[in-house]
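In this document, chain identifiers A, B, C and D correspond to the written order of the chains, with residue numbering beginning at 1 in each.
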């Protein structure tokens, strides 16, 4: 393998160099901006994490597994995973092998940036070696891999449902330019290498093509134009990259180390959030995940559109998208990149100015408690069976027990928090903390998962154990304080968003329900559970707009053919009961009826 | 000015021609369901805060149409959403409150 | 040919009963004091809840009784019991011996001028529900401004008003007010429309939907409080006062026109018939039925039956249903069942 | 405004007023407020029209003020009323004419109550007998003294020296008529023209050449309201009532107000001064107020009596602008001379409302 062009240069590399320079400069600038936007604590944390070998190793591993191999995608859908990893990993390998080739055969050219990319044009094959053949084989192999991925991608554009992804975000014009240029790069490279193969050599993809083309096209004439085209395609792709979803490629490489460093979103627009919304690959998984998109409604209010509008600073749409969301968290649970749809929206809501201040209305309230203080929460007052069942179970188990809010509700602050009024929510929290700490309890028992999540995440109650009623009751059974009999009614369990995705509690309720009744699973369960549609998370969704969402969630529960529906959230219960064709019960109620 | 020991007292009459409707008009644009209130009072009856501060979405919504000062009620709302749950007309009461909290100067 | 039956009143009750009695084979005589059939419905423009055209309804009903003997511009002069039936003399000189008589004399619209404080007949822009329907039917009315900016509807004018001598609810006015409010809002989209009500009595099929539409789609304002007085301002507007009972404060507003929902009151023009036929008057001034649950159409006198608003305030569908029931009851009576 | 519509209502509310032989009773407070008014009534009826109008010094209060201030029970009021009827019966009259609107309302209410509850009447007769050994016949006719002036309005017109016509422009003067609440609001059929569109004063104004103003708050109380004025703490409420009326009549630019109640002219007159002092606002032309008159004062002016003999110098709001418009000649220097031409001294002038 020898240098064919003495100067080691041809003008067709210029487009590539321009594109490459642009994209590198842009990404470097963007990174500086993001780092500048971080708080100094976060910045320090990030830089220190890069010095920590353990975290650094994890960064590399995660980038390799996520960005190149796309492991989470493989888990979700094999074809989808193959498509992405074939292109990403294949391309990575071609670049890597290109560098190896240069190093091996023309080490003097390694300082030329473009050499590995256009290697086959600049060299001539003087003799066939095993090493060279192997490299050429690998190059052709990975090119084939990529092209198979692109073939799938093209097929997917036409037939979406094959991949289990029904809907994708509508691509913008630049996204289409990026997409078509990306698709063009590899076939063009193959053509260029094929037209050059009689000089540079090649393998199973390029040599036969070279032979074939010689029969009717002639190679010499086409050689340069295809190299030009290849370079231009690269240039186009790289020039549009910052303005398209392909920005997720560099952004994710920053997102992973930042997340590993323990950074959190603190604003919906700056710093870490910026990396997050640029990391969104626009795959559209969130569209199918979103409970609002039933009957193709509200598609443009999914997280993929939030990230898109955040990139564009489209204030009106950002507000609309942020206010509509139910905050069920399913998009985040299913997101390959981990874009925090609900979190970004809450922060976005927090940017609003309220001219009427919040003044905590119940500051004078006092409670004297025995050991266990039970907090039912506002919504439970509209589904009194839950509170009464919890009370009955506690009495039967002989628990020393006091209601915090038997007569009237007191809000935990979660609805205020999700509305983005963080300081106001904190005022509620502070008052409630005082009330609970002064009550003299040592356990705070919570039956509403909305409140439970708030207590877990936002409250500081030293000396008070915060427990959800499900594990608490399970424990009562475990310790023999109550005994339950299994009924012959079969319930399908609906995972409430706040308990499942919100608190990660999936198996405990099933265990408890399974002890007192038959249990079935919905079509979508656990982290894929569909929101009941009643969520307080949404600010702007009207009652009439939620009906279809509730019905869709119910239909998914009906696929289990269960006799009744069980849940562990007063809001889910009240919402489902409105339209359900079978009883909807809270687990506490079911357990209470089955106590021996 | 002579001090007579008494002065003209303020009229309690609601003069619909003199009331500034702009806040209500803005509100119904943002929350169209606000128009559907039939003053049943379910919201006030279920309200978590009503026992402390007499809060009622009905009173807030009606009050702004009659030129009353409803800021104190708005200030006390914890957004818990019980009113939304009980409203028979499906009025998005939380959004109504949130938007009103923004519409005051 | 079978026996003679006389129907007094050519409104929807009389028309519907005449059709059915004629089909049952009776020699039916329909007397109407006016020159036109159709009663109050004929002067109306559209009927809720389907916004049906009264023209079409009355035309169909009149077409259905082509073969019935109709005396227009005619009144009952005398009625007396004779030979197991009634001998009736009409003002047109005709005498009929009828086996059965159906009183379908309907109601009278409350005379809105009696509520002096509303200024009907005194202020330039105060009209009644009937005036508005007539205007919508194409009659010119100077009292209705070309482009009103604020329109008011006063519910319960003469209804639920002991001082006006009517304790009864007229049933249809709440819905009529909402219907007319919507119709006015459709004609004058920039007008503010206010309905002053004591209670909204929207009991019928789809009535509540109308109310929701009026609020949600038309932005019609509902003020809970009875209008206490109306005055005319120097520039010809109407100043309307009421108590806003939902907020417990007096309320006033200037309007460009005011529509009074005059209610239904008992028809006093049938007093002579009532006396001659020895019929009973109920405490509300309407004719007294045998009972008010299962025998509303029976008078308690052999051979005399009632249908429609002569026994109390009724909607059109109720009236039509009673008329059919009355026709069947007469058939049963004559057949000796 | 459709005048024919009002005429129809007026025709519905006419009452029978006998042409002669009236037993006349004075008001408790009118003689202090507008001392010449009742004097002018007897002057016009007895001297000018030659009617038999009888008065007795034994007449006392009818109890109306105490009744409306909730200080005495109704039975007591009725017994007082019964005594007045006894005096009438003793004098040989059966047509009763009170000068006070509240008395008129009180008598009407008492008679209506007795009609409705005859046992109560029997009890009152017993009370009266126990108290002062008197018996009485109920009056055959009850008419307020303004009803009588209304009844004789055309006769006054025939003798008129001045009409309610602006002498400079020839236009009718714009007159606000204000009826005392107790005249017909309780029993519309007892008042001429009913309660909504009373005709008693409007008839006089029309007959004497003026034009009646119908303004939105015409039904509103003058603001007296007994309790509302008598307790100082409530006086702001009384004042606000009057203020509301003036705000409502202001756009019509009234030349004068005519009233038929003891309290109304007083409050409409004096509160104009208080409103002016408190808000700086006056409702008449050129910083003056709107002059307020009793119907007897207007009748006296129409018949050509000297304004100072009519006691018009006792008004707070200057009457001179109206006198000028009507073409009534008067001596400004004589304004503050007493009956014996003694100088009563010019009162202190207010700051905010123009007076003469």
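The rule is short, and it goes like this: a contact is a pair of C-beta atoms (placed from the backbone, for glycine too) under 8 Å apart; a residue touches a chain by one contact, two chains touch by 3 or more.
As the structure is a prediction and not an experimental result, all values here were calculated from the model.
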item: Chain ID, smallest distance between chain and overall C-alpha centroids; value: B
item: Per Cα centroids, the chain farthest from chain A; value: D
item: Distance from the mean Cα position of chain D to that of chain B, given in whole angstrom; value: 46
item: Separation of chain C from chain D, taking each centre as the mean of its C-alpha atoms, in whole Å; value: 45
item: Mean-CA-position distance for chain C and chain A (Å); value: 66
item: Whole-Å gap separating chain A and chain D, where each centre is the average of the chain's CA atoms; value: 86
item: Residues of chain D engaged with two or more neighbouring chains; value: none
item: Set of chain C residues in contact with two or more other chains; value: none
item: Junction residues of chain B - those touching two or more other chains; value: 32-33
item: Touching pairs - complete list by chain label; value: A-B, B-C, B-D, C-D
item: Touch list for chain D against partner chain C, complex; value: 1-2, 5-6, 8-9, 194-197, 214-219, 251-252
item: Contact footprint of chain B on chain A as seen in their complex; value: 323, 352-359, 361-362, 365, 378-379, 381-382, 408-411, 413, 415-416, 419, 421, 428, 534, 536, 539-544, 571, 574
item: Residues on chain D engaged by chain B in the complex (per definition of touch); value: 232-237, 239-240, 243-244, 274-275, 277-279, 351
item: Residues of chain B touching chain A in the complex; value: 32-33, 46, 48-49, 51-53, 55, 71, 74-82, 84-87, 90-92, 94-95, 98, 100-105
item: Chain D contact footprint on chain C (complex, rising order); value: 113, 116-117, 119-124, 229, 231-234, 239
